[in-house]
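The data blocks that follow each hold one structure.
Heads up, the next two complexes both have chain A, just with different partners, chain B and then chain C.
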Partner chain A sequence: MAHTDKSNWELIKNGMFSENTIFRMAISLCPSIAVTNSLKNGFSMGIAVIFVQTMVNLTVSLIRNFINPKIRIPIFMLVIAGYVSIIDMSMAAWARPVYKQIGLYIQLIVAFASIFARAEVFAVKNRVVPSIADGLGMGIGFFLAMIVISFFRELLGKGSLWGMPIVSGNPLLIMILPAGGFFAVGILMGFFNWMDARIAARKTAAETT
Partner chain B sequence: MDFEKLFQLVIAASLINNFVFTRFLGLCIFFGVSKKMETAVGMSITFTAVMVISAALSWVVFKYIMLPLDITFLKIIVFIGIIAAFVQSADTIMKKVSPALYYKLGIYLALITTNCIILAVPLINSGEGYSFLESMSFGLGSGLGFALALVIMASIREKLELADIPAPFRGLPISFIVAGLLALAFTGFSGLITL
Partner chain C sequence: MSTDAKTHPLVVSVSPHVRGGESIAKIMWTVNFALLPAFIMSVYYFGPRAVYVTALCILTAVFSEHIFQKALDRKVTSTDGSAFLTGLLLGMNLPPAVPFYIPIVGSFVAIVITKTLFGGLGYNIFNPALIGRAFLLITWPKLMTKWAMPTAHFIEMDAKTTATPLGILKEEGLAKLIEHFGDKASLYKSLLFGSTAGSLGETSAIALLIGAAILLYKKYITWHTPLSFLGTVALIAWIFGGKGALFTGDPVIHLLSGGLILGAFFMATDYVTCPTVRKGQIIFGIGCGAITMLIRLKGGFPEGVMFAILLMNCFAPLIDRGVKPKQFGAVKKEAKK
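Presenting the complex of A and B:
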């Protein structure tokens, strides 16, 4: 068993930045476009994912010594589906207007590659506390990505944030259309790649001098 | 059975509500396997077949087991179970019956289990209360729509390999922007049929 030797804080940071689900790993992309047409939807989706990811990591890590490796995939699926059902029903009860718009995508958290991957790669090999930290980090990383994308899309597409008007005038309608989601993610991804290249270049420059 | 209605469902699911460009599902696979035409075609065939069959299977289970027992709140767990079991058994049967086909399409089968479209189809079917044939046509339309998107995207990306793209945008970012342009084109289909 390969226990991790990173501290909990490093694990959280790892999930937030260097292994960010959307911009770095490019998995679980569906909701990053589907529900980011307003800040509120993006925010709710992010919270749901933080909850599911953390709880799945916690549970898998707790039962890791009882799982037969041959049937681990169905077991992970069941654990994930259980937590998704919980968040699905809770949101249906408490957040009716938001749920009407993003309900389908909440149910589809089940099929998220990122949640499954963290259970398989991390939680099943590590003790409980690091697993929670890893889950939190991954969840927060996803949450941040959702916030960034939906911030730009709502601001440019509707001229408002969280439903409150900010900018007057004609908004760029295209940004809240389906196509705008693809553009926003593509441009942001390119931007982060560019920043990465800049930082790397500065580092090598500092080392040579 | 009303044939016209079924045809409308197929057209609506494949063009107007195309899963990739208007509902944004299955994007991981969409960007993952659209690099080459050959894999895109293999994936499309497997995908459409699995979609129709799993739509039919889950309709039967939903109608005759879950509704009478009043356990519809378990539908997420049950549907993912049905799909995983079906894909696993298709994998095993294919390996025994037709090894040649298995080596061609087997890897795609393994990828399919964790795909959101396959799960979305039964969920939408049960939500809309479609009949058996309607469910299957919806599955077929969704599969064809996904295949269409995948093939268009793969042919564009093969050409993109040769293009001179600014360094930060190489790879995924430019594919996203291309997908955005395609999505714009697909919005042209809205209003083709009103159901």
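Presenting the complex of A and C:
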């Protein structure tokens, strides 16, 4: 059992930036393309994932000493499925219009690689508080990615934000179609990589002088 | 090399020892030159607007390639004619009446997303000009299918719009299309010379064939891709193009209309995105033709050349792998018993 030696704040930052689910790990890309055609949908999906990721990490970390390693995967599945059911039913009850559009993808959170991966590589090996911090960081990282992607897609594809018209004229229809999702994720990922490379280059330049 | 020859009479170097005078720039500018007849015809039929749209495409293409190669610290090759060619081809694929932001956006997508971000000339998977057009067609479907009437008076064209021959063929059938042009002979004549509605550079079959002849004569393209492409289209049009009975279709209309000739000679033959082995090029051409006719006869769009070439671009590496010629001296693998 290798406990992490990072502080809770470092864990949250880690999930948000250096191990960002979408832009760094490039996993769980399916929802990032499917539900990000409007800011509202992306926002709701992000909130759902923050909830599930944090609660799964909390639960798995709590019961980590009782899990037989041989059957850990079905146990993770059960825990994830439980929380996904909670968020699924809550959204169906309280956020009807959004649920109608992205309900299927809320249920598909069960199969998210990112949530499963954090339970497997982090929560099952660490104490409760760092696990919560890790889950929160990963969830917020996913949430931020969804916000950024859906912001650009809705603005360019519909000329609106959160349903409110911002620019008139002929919007780029392709951006709210699936093809535009690939464009948006690819270009943003490239942009963040480019930023990283520049920051790293500046750091090494500062160290050598 | 020349300084070497002066100081050392015997030069030792790695092969190849015999070099042709060809270079990327020379080939690209020749292809640009080969498109000149079609461009002249487009100006003749669609007026100054054709010049504006094409010029905007070319300027944006060359300019954005220059900027992005600078920004990415690559060798700046914006003057080798390839970006110019992409812009020119995209311009020839646009309807005459598009608003001026369309060529700019399309050219930018073609050069930056399809070419530069994939690594520059030689690394792009898809034909840049066609991706630019596909992007525009999906983004602004209404503006990209507004076809202006050709005027042939070299004046600013009026707002009159009409359907393309393929559009009429799809919506109303062959009888209506022939009626539209008077009789069959004048329909063929219009298609041959280009006085029909359509994208800027695709309407005049004769002008495009002149350009294609230049390229074939200079051996910059071979007959394999275009001929198998056109042959497949003609065959399928003849077999399945007719109403009701098989073998009653009119292959000539399908051959001369739409972007087929422009696509077959100038875009399907793009060195980067088509197979390099001759046998593979024939398979590539047959695939392009089959998909084109599938879309024309059964699909939602009246024209399918663009999607056909793009879809076959994906398969180009796979085709190359499948038809790889046997290496000289290779030992045949023994079959497992």
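Note that in this section the second predicted complex is superposed on the first by the 209 of 209 C-alpha atoms of A that agree within 3 Å, B and C clash if a C-alpha of one lies under 4 Å from a C-alpha of the other, contacts with A are read in each partner's own complex, and residues count from 1 in each chain.
Everything below uses one rule, namely that a residue touches a chain if its C-beta (ideal position, glycine included) is under 8 Å from a C-beta of that chain, and two chains touch if they have at least 3 such contacts.
As the structure is a computational prediction, the values presented were derived from the model and not from experiment.
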Contacts of A:Ala81 with chain B and chain C, given as first, second, both or neither: first
Touching partner for A:Ser168 - first (chain B), second (chain C), both, neither: neither
Contact residues of chain A, present in both the chain B and the chain C interface: 174, 177, 179, 183, 187, 190
Complex contacts: residues of chain A adjacent to chain C: 170, 172-175, 177, 179, 183, 187, 190
In the complex with chain A, residue positions of chain C that touch it: 105, 113, 117, 135, 138-141, 143
Residues on chain B engaged by chain A in the complex (per definition of touch): 21-28, 31, 73-74, 76-77, 80-81, 84, 114-116, 118-120, 123-124, 127, 166-169, 172-177, 179-181, 183-184, 186-187
Chain A residues touching chain B - in the complex, by the definition given at the top: 26-31, 33-34, 73-74, 77-78, 81-82, 84-85, 88-89, 104, 107-108, 110-113, 116, 174, 177-183, 185-187, 189-191, 193-194, 197
